[in-house]
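The structures come next, written out as structure tokens.
Each of the two complexes below includes chain A, the first together with chain B, the second together with chain C.
Let's turn to the complex of A and B:
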């Protein structure tokens, strides 16, 4: 990347008895919206805190805007952060919360007030300036936290699971708000979340971390359709993973032997016969058929329906394969109505060979 | 319980039970609160009422007689010794309050924010022990330290400095009163500071606040009610203390509590002593009310 605005090089953070971040490299372009995802304790929040200077790295370096951040204390960094708890000051009014960073910059009272009102207005909080924080709703507090972080016109905004305390309806509205702000301001957003829906809806690029390491970086659709390894495939949730050994190569297809059977998979990377291999089939690429209608042509597995889950018009069907693995299938409601799927029903899961994705890494 | 009910029935444990509440759920808090109310009535309210009643009684030939005269009130409230003692006591208690807060704030900050959790717990228990140990004993210990031939003067003599008159003045009185009040003030502030949300402090730093500014702009505003509580508690303890003034200054000049005891001793003047006592209580109630007001009213600096 030629113009990286944020550059992490070998960034490392060790606590006594816990290695939180294990030498990660990451470049973020100016104006990019990057989401860092991963399970609890994967090091995503620590990475954000290192960026803000709230933690000292034990190795590696951070550069923001071409400037090495080593030794720059948190209060001089201008890397405002929005906390999950919002961290609004309960003893200050709404306007004074928003103007707090300007007060630290020793701006005059009039100018502080003017700019605070301007930001409150911009975020739809006109007329709330002199209220107490306790008088605001969850969504309004969220906006106050955003206004407070953005009032100094920073070139980067850090967000640590900012929406996880909101209810589902409000979360979607705030996502739209964040998207709009990001487009209007054109600054870099680094967004830590464990919620896939937020990351997919908002981010230009997604960084997936586990155990202090980056496991994959890519556009949302790449991470979803082309996971780099079994961890990412399973973390995305809607992938069905097969592990096995390569038993043959023909043209650009490889035959993988798995406990469920032999499958032909497009060989998108060099793969030797006898080498361990893993591939995934996305939940929405699988077709379902009742077992009594006979086996379908092409690759398939047999299984039993465990249960169903509605998400809007989409149904997730959980199937236990004969090998004892749990598979997920995602279908539109109308596609499966005729199948009369009830728990216990025997089904065939089939897919087109081209939809099987050979994972670049097996571990 | 019907065997095939579509909705699970409410378990019996969650149903209001007639046997416990005797019909009304409001009966429960009353039943639990009654012993406390009774205790307060017998051991606090009744003596208080009796104290007020006594202020209108008379003493004739060293004997207390029920009466209704205002003579005790006018004689005490318009007397110079009472005015002097009141002024002196207010000034001493205010000084103790200011000193205790000035010493307790940095001490509590160190304990709450600079020590590891284990050392912090140790410091808290070391502070709690004196609160529950004999105050008299600690005052005697100070006499050994501050006396004319005490440890302090021995140390001064060893480095070739002249002896100091440490005992019997405003200095030793404050030492005594701080012995009583400082541990309480520090404990109140430590508990308040430990309870402050750490992300508020990080957020302040993140938004451009230096360490020192974090204390004045975020920490102190966050614990304002606790500072008021520590201040009023210190004031109340210092204002009503008898042992400190008695042993550290030899009762000169007298505080209100010294005056109260002296009034009792001189001719069994229980009614006049009660006037002093009721006046002291009234002042304490006033201070406490002012403290509550200061703790709840939001003093907000507006940006405009």
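Let's turn to the complex of A and C:
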């Protein structure tokens, strides 16, 4: 892999009583925007800290720009990071915060100031140079943190949940800003987050981790439409999972027996009869019908409406299936108006067989 | 009928009265010393014999008092410098590191002020005389440091409590070596507490009698001189020295307060909601 700019090989980090990162392999291309996602404690932040040299790996290796990072202390790596807490220095002015990395490189005061002003200008903070950090708003602090990380013109930028402290409106604006910066600078961004919306909006590729392992790597649409395993499918949230056993094969369809019934699923991988299998149907691929209108012709499950949730023009309908699972259905408001869905109403959830996605991994 | 308004006023008046009495009780002895140090009379007595600097001049002219004063200054200064440095080191270790026996370590640093000074003084004398260091000015400094660094550590540790855990790693991440991180991030952040610790340690040393008396031998600090002076004849010079010590102590404590009372700097984080950019 000569094209990879960052190469993690068997990267491992053990703490006493806690195995945070369990031998992960990952290649990141130069200029790529990669988002690492996962529930808290999955090892995503530890991976980032390992990249920055703030933690020593207990196994495996990290190469950045073809150079093995083993034994290189944090301050000699050029891997600036934007922290969740921002970690701005409260006793320094805005300009001195931004110029801090240059001061560590022993640049002259004049040059430091010039370049700090340049970056402040670039991030829309012109005229703020001599303010106290405490005088800035949340969004402005965010930009100061970015300017400070970028002032040395690094070839990689690490971001650890940088937007989690901002309100929703501001977060969207900063996303746009980050996107723009990434395009303009053309450097590698490694972005850790637990927010799907951020990862999907920003990243070229998404890495999903759980319990110290990588569960899937892929483009946002792949991770969304073609989850690799039940964990990723459920982590993405808008998938309805069926678990069962393969009971037969015909052409390119497999019949899966689940507690809810037998279903025909496109067999996108070799599947032996008797083998455990799991498939998902995405929430927006399901059609709803009232139970009294009779069962639909295709595959379906029966359930009871638990509740509804508006998300703008789309609505999420929560349904408890007869097997006791909670399923989600996503519809446009106008598509379900006629159904008069209220909690307690019995419904059929139906889908086209081709929209069932057989998971490559069952666990 | 007594109006409620009147009752309120009376109550308020009594509260203030009581408080004033309390402060008068605390401050009166000091005030008396200061007032009579400027009294022309041979013996402190009423009526006042008129304003005079004669006792201040006499005190200053006394070579033993002068020497004690100079000793106190040196001991105070030395104690302040060393205690602040050691206090910072101890506070930083407690803040940054985890290690076996850390609780014991922190306890050991905190304990000296809790031991009665008589016992501390005797124990110190027994120890320093055994290692042949008793009766030296430096020994007084060392013993004062043992007590004052507890205070210094407490002050600095308090400040470090407000120090964001990410700030130092962030400095490393931005190219600061561990030493540069200490120099450019931790120390500047602690500066108010360091200054406060400096003055407080100086004040602790400057007022301390028992330990100085035990381990100082022939070297007298000012409080020791005062006590020795009292054992001889009663002389209004005492009042003059007392007034001087009081002035120095007040200034030191005031300076220490001045720096601990700095406006708390809002840390990053808490208020990230609004945006006017």
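Assume the second predicted complex is superposed on the first by the 361 of 363 C-alpha atoms of A that agree within 3 Å, B and C clash if a C-alpha of one lies under 4 Å from a C-alpha of the other, contacts with A are read in each partner's own complex, and residues count from 1 in each chain.
One rule holds for everything that comes next: contacts are C-beta pairs under 8 Å (C-beta built on N, C-alpha and C of every residue); 3 or more make two chains touch, one makes a residue touch a chain.
Bear in mind the structure is a predicted one, so any value in this text is a computation, not a measurement.
Chain B and chain C, once both complexes are superposed via chain A, clash.
Looking at the shared chain after the overlay, A:66 reaches neither chain B nor chain C. Looking at the shared chain after the overlay, A:79 reaches both chain B and chain C.
Once chain A of one complex is fitted onto chain A of the other, the partner contacts of A:186 are absent, as it touches neither chain B nor chain C. In the superposed model, A:105 lies in contact with both chain B and chain C. In the superposed model, A:134 lies in contact with chain C only, and not with chain B. Within the superposed three-chain model, A:95 lies in touch with chain B and out of touch with chain C [touch as defined at top].
When the shared chain is aligned, no partner comes close enough to touch A:344: not chain B, not chain C.
Once chain A of one complex is fitted onto chain A of the other, the partner contacts of A:143 are limited to chain C, with no touch recorded for chain B.
By the touch criterion defined above, A:170 reaches chain C but does not reach chain B. Chain A residues 52, 54, 73-75, 79-81, 83, 85, 87, 89-92, 100-101, 103-105, 148-149, 152 lie at the interface with chain B in one structure and with chain C in the other.
Of all residues in chain A, those touching chain B in their complex are 52, 54, 73-81, 83, 85, 87, 89-93, 95-96, 99-101, 103-105, 109-110, 112-113, 116, 130, 132, 148-149, 152. By the touch rule above, chain C contacts chain A in their complex via residues 164, 166-167, 169-178, 180-181, 184-185, 188-189, 191, 265-269, 271-277.
By the touch criterion given at the top, residues 197, 199-200, 202-210, 213, 217-218, 221-222, 224, 298, 300-304 of chain B touch chain A in their complex. Residues 52, 54, 73-75, 79-81, 83, 85-92, 100-101, 103-105, 124-125, 133-134, 137-143, 148-149, 152, 165-167, 170 of chain A are the ones that touch chain C when the two sit in their complex.
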